[in-house]
Each structure stands twice: as structure tokens, then as C-alpha cells.
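Below you'll find the structure, written out as C-alpha cells, and then a few comments.
Naming follows writing order (A, B and C), and every chain is counted from residue 1.
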Amino acid sequence: MDVLAQALSALDYAAVAVFGATGALAAARRKHDIVTFGFFAAVTGVGGGTLRDLLIGAPVFWVARPAYLAVTLGAAAAIWLFGWGRRGERILTWLDAVGMAAYAVVGALKASSLGAPPLSAIVMGVLTSTFGGIIRDVLAEEPSVLLRRELYVTAALVGATAFVLLQIVGVAIIPAGLAAFALAFAIRAGAIIFRWTLPGFPGRTPD
Amino acid sequence: MDVLAQALSALDYAAVAVFGATGALAAARRKHDIVTFGFFAAVTGVGGGTLRDLLIGAPVFWVARPAYLAVTLGAAAAIWLFGWGRRGERILTWLDAVGMAAYAVVGALKASSLGAPPLSAIVMGVLTSTFGGIIRDVLAEEPSVLLRRELYVTAALVGATAFVLLQIVGVAIIPAGLAAFALAFAIRAGAIIFRWTLPGFPGRTPD
Amino acid sequence: MDVLAQALSALDYAAVAVFGATGALAAARRKHDIVTFGFFAAVTGVGGGTLRDLLIGAPVFWVARPAYLAVTLGAAAAIWLFGWGRRGERILTWLDAVGMAAYAVVGALKASSLGAPPLSAIVMGVLTSTFGGIIRDVLAEEPSVLLRRELYVTAALVGATAFVLLQIVGVAIIPAGLAAFALAFAIRAGAIIFRWTLPGFPGRTPD
């Protein structure tokens, strides 16, 4: 069980690093300086979990353990040093899918373990895995996942919902978490490879 | 008195639903999918009250009672299903005015009942009734009420200020709340019908 | 020592006033009305410290002491009344540099005095001195300091880092704070006068 806790912790740091790297990449696209790299990496890496912790009234996770920040800054430094071609961006897209799927589960787990009801736990899973990127895009003045017709929030929503429902029907945390992770990742993978989308609003709107 | 509490609670849910509907409408304008509808509805519906609760150090109101979230999602589903013509938009503008006026009072009441001094209580009333919509517009990349020359924040400000002042001079909560609500609504109604505005900054500015 | 506490408090209010004035100036550029002036002044004046307090779990500083809000509103009123020529803007840029340098120190001090580890304290210093302006620019739809290639966040980062490091090696709060303040201000001054910048990302990026 100790191995599991360690694996979860490693996964947690890995997800923060990947999200941080996508933040640094947003800075790289506009040729920003190293400090802005770090700022974007930190905001993107820990932004979603920060919002979750504020909403559920938990101490913000990285304040007492700034190793999380250090990891995002390390990711920023890595992108600065090693550059970032089109192939790197493709790898990052996939790592980001892993991080998103993991955080949808981790966010819902943390919220429900602190007593949040099911629907709130699902929302926390979605916010944890998507809000860092949304803040990044608002700050970088790029269209966020909310404005692109891509399955991203949807994948997080399905994963967090599956995790919460599986727990309600009595499935243990580990298998429920793995199944939910796989589901969220599969949907995001379909969006990346096959450009899956959901149908847009079919109704008419004025103007 | 029980009837009053129930009426207040019903008003509260109604305001969240109306704000949620304006969020879904922002998604409808850009033909987004159902998940983005829900995201915008939830953020707009509970965003202002969330900020208020974070600032005054209260538990965020919807986390323990996710029925609020469910109501915003129901509003999103309704707009998805029934479409939304120009007439619907007009109705929504008026319902939004009711929600804004109600929340200016409710937000100030909650803050002052938790010990916030008068000026802070006024600010909480303004934030509760306007910030959900501001977040919606920032995320949707539309100009927020802050950038449009329309009386919206002003109406909330007058309502919240009137409520706090009336309480200070000894008026009971119910009449103070009703008078403040009527005042905020009347100003917003004037803005909608007669396009009332305040004069803009008259001074010169460089460039 | 009482004199020092009073000096610090005066500095605190002065910084909030200056940041508030920059918020009102953003409203002036677009000829907004007096209520929007006040909104921008308040958000900019207290925004950074608000985020810091939320993150470290402290009561938000201005809620119990709304004199801070009153000061930002006074700054907004002053800009409304006395206008704001090119010369005023230059003065404000310099006052803003003073406020930024002071807040980088004050933010880091408050966080570390509440037990935040060094790296987190540095981040709090940076956020306190820069985030009010970032929120202002996002709400005003102007490019924030994060998108302009100007040394601003960098100056705050160097100041907060110097302050924390000097304390770690045993320097007392007053000299450490003064030295860190001077360093942050000097870097910002160089950016204003000599247009100092850091090199941008040298690597290639796809598209």
C-alpha cells in the first residue's frame, strides 16, 4: 500500500510538471522571457488544484509543499533549454491528456474524501484538471478549451463522473480510479486522433 | 416567518437559475456543445456568490448543497432544448435584472450577518450580483459589463448601498431589503428601457 | 518601533492608493463612468493582496478594514476630478514602481510570518505586487505585464527573492526589507528609463 501512495504522489508531481510545461509552451509561442515562462508554468501547473482547494476549504496544496512549484519551474527551464519542435508539442499533447485524466480522478477523490457530495466532487475533478489551462489561456489571450470545439472538459467530466458513480455503487478506489482514468484518457485520445467533437447548439440564436 | 425563509430560498435558487441561463446563452451564441453550456451556466450562476464566500471566509455555498449546481445545469439544458429567440433574450434580460437586484441585497445581507463592516458588505453585494457575469464574459471573450457603458454595476451598487444604509438607520431587514431591491431594479430597468447611462470620464487622457 | 509600524502601515495604504490609481487610469483611457472607475480602482488596489491572503489562508485583509477600499475609491475620485495628462501618467508609473517594490517585500513578509516556506513566500511577494495589475488588464482587455516584454514581474521576483534569502542568512527584517525594496525598485527603474528587457525565448516554436 506504501507503494501505491508513492505511485500516486509520483503521478501527482508528474501531472503538475506536464501542465507546467504546457504553460511554458504558451510563453514560448510568444517568445517571452524566462520569468514569464516560470509564471505561466506555475499558474498552469498548480492553478486547477488551487481553485479546488479554495472551493473545498482545504489548505492550498502547494503553499506548504513548494516542491510542486519547483517542479513547474523545472518544466519551464527544460522547455527553455531544449526548445520545442512540432514533435515535442505532439508529445506534450499526449502527456497533457494523461495529466488531465489523472487529475479528473485525483480532484474528485480529494473533494469527496473531504466530505463533498457527489455532484460537487465531480465538479472539483473537472476544475482541477481543466482550470489551470483555462487561466493560462486567459492570461495568454489565447482561446481556451472552453471556446475551442474540442473534447477536453467533456473527457474530464466523464472521468470524474465515472469515478464518483463507481464509488457509489461500491467499487474500491483503485479499480474505480483506474477505470475512470482510462475512460477520460480514451475520450481525449479520440478527440486528438479522430477529432471527435460533440454536436454544437442546434437552435437558432438572435444576431 | 417560515414562509419568508422559504420565499428567500426560492428567490435564491431562481436567481442562480437566471444567471445560469445567461451563461448558457453566451454558449449558445457561439454554437457550443452541451458540456460547454453546462460549464458556462455553472460558472455564471454561482460565480459571484463563490467569490463573496471566499472573501468573507465562509464555506462556499454550493459545495455542500450542490442543488445550486443542478439548477444551473437545468437552466442550461432548458436553453439547449427550447432554443432561444430574440424574444427569449428579452425575457432573460429582465429576469437577469431581477436576479441582479435580489443578489445585491442577499450578498450584502450575508456579508453583514457574518460581521463585515458596512463598506465591505456593500462591496460583497456588488460582487455577488455582478461577478458571475464578469467571469462569464472574460471566459467567453466578450466585453463585460465593465466595458459596456450600461448601468449594471451601478444598479447593484445603489441597491447594496441603500440596503446597508437603511439597516444602519434602523429599518428592519424585510422593508430595507424590499426597498433596496426595488431601487436596484428600477435603475436597471431605466438602463434597459431608456438606455440610461452615467457620464463618462470628461478629462483628457494621453494617447 | 511604534514609529516603524506606523511607517509600514502608511506605506501599505500608499501602495494600495497608487495601485488603485493605475486601475482608475485604465478606466479613464476608455472614458468610463465613475462607478467603473471605482470598480477598477478597487480590484487593482486590493487584488494582489486578496489573492495572497486566500492562498495562505489568512482573512482577506480589507474585508475587516475597509479603509483600504476607501483609499482606492479616493484615488479613483482624485483621477476623475483632476484629470490625467501625460505628465501625470509618468508620475504614476514611478509611484507604481514604488508600490510594486514595497509589495514584493510586504507580501513575502506576511506569507513567511504565517509559516510559508521560502519558495512559497517568494511567490506570494510576486503575486501581491503584480496580480492586481494583471486582473485589471484582463478585465480591461489590455495586454497585461505578462504579455508585454517589460521588466515588471522580474523586478518583483528579484526583490522578493532577495528579501527571503537575506532573512535566511540572518539579516534582520528592516535592513533586508530595505535592500530588497531598493533592488526591486532599481530593476524597475532601469526598465522604465533604459527599457531593460530580458532576452526572449531563443528556440524555435512550431507555427
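Everything below uses one rule, namely that a contact is a pair of C-beta atoms (placed from the backbone, for glycine too) under 8 Å apart; a residue touches a chain by one contact, two chains touch by 3 or more.
Quantities reported herein were computed from a predicted structural model and do not represent experimental measurements.
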item	value
Interface residue overlap between copies subunit A and subunit B, same or different (over half shared)	different
Subunit B on subunit C, rotation in degrees - Cα superposition, rounded to nearest 5	120
Between subunit A and subunit B, centroid-to-centroid distance (C-alpha), Å	29
Subunit A: positions in contact with at least two other chains	54, 138
Touching residues (chain side subunit B, partner subunit C) in the complex	54-57, 115-120, 123, 126, 134, 138, 143-144, 146-147, 149, 153-154, 157, 197-201, 203-207
Touching residues on subunit C, where the partner in the complex is subunit B	25, 27-37, 39-40, 42, 50, 54, 59-60, 62-66, 69-70, 80, 82-86, 89, 138-141
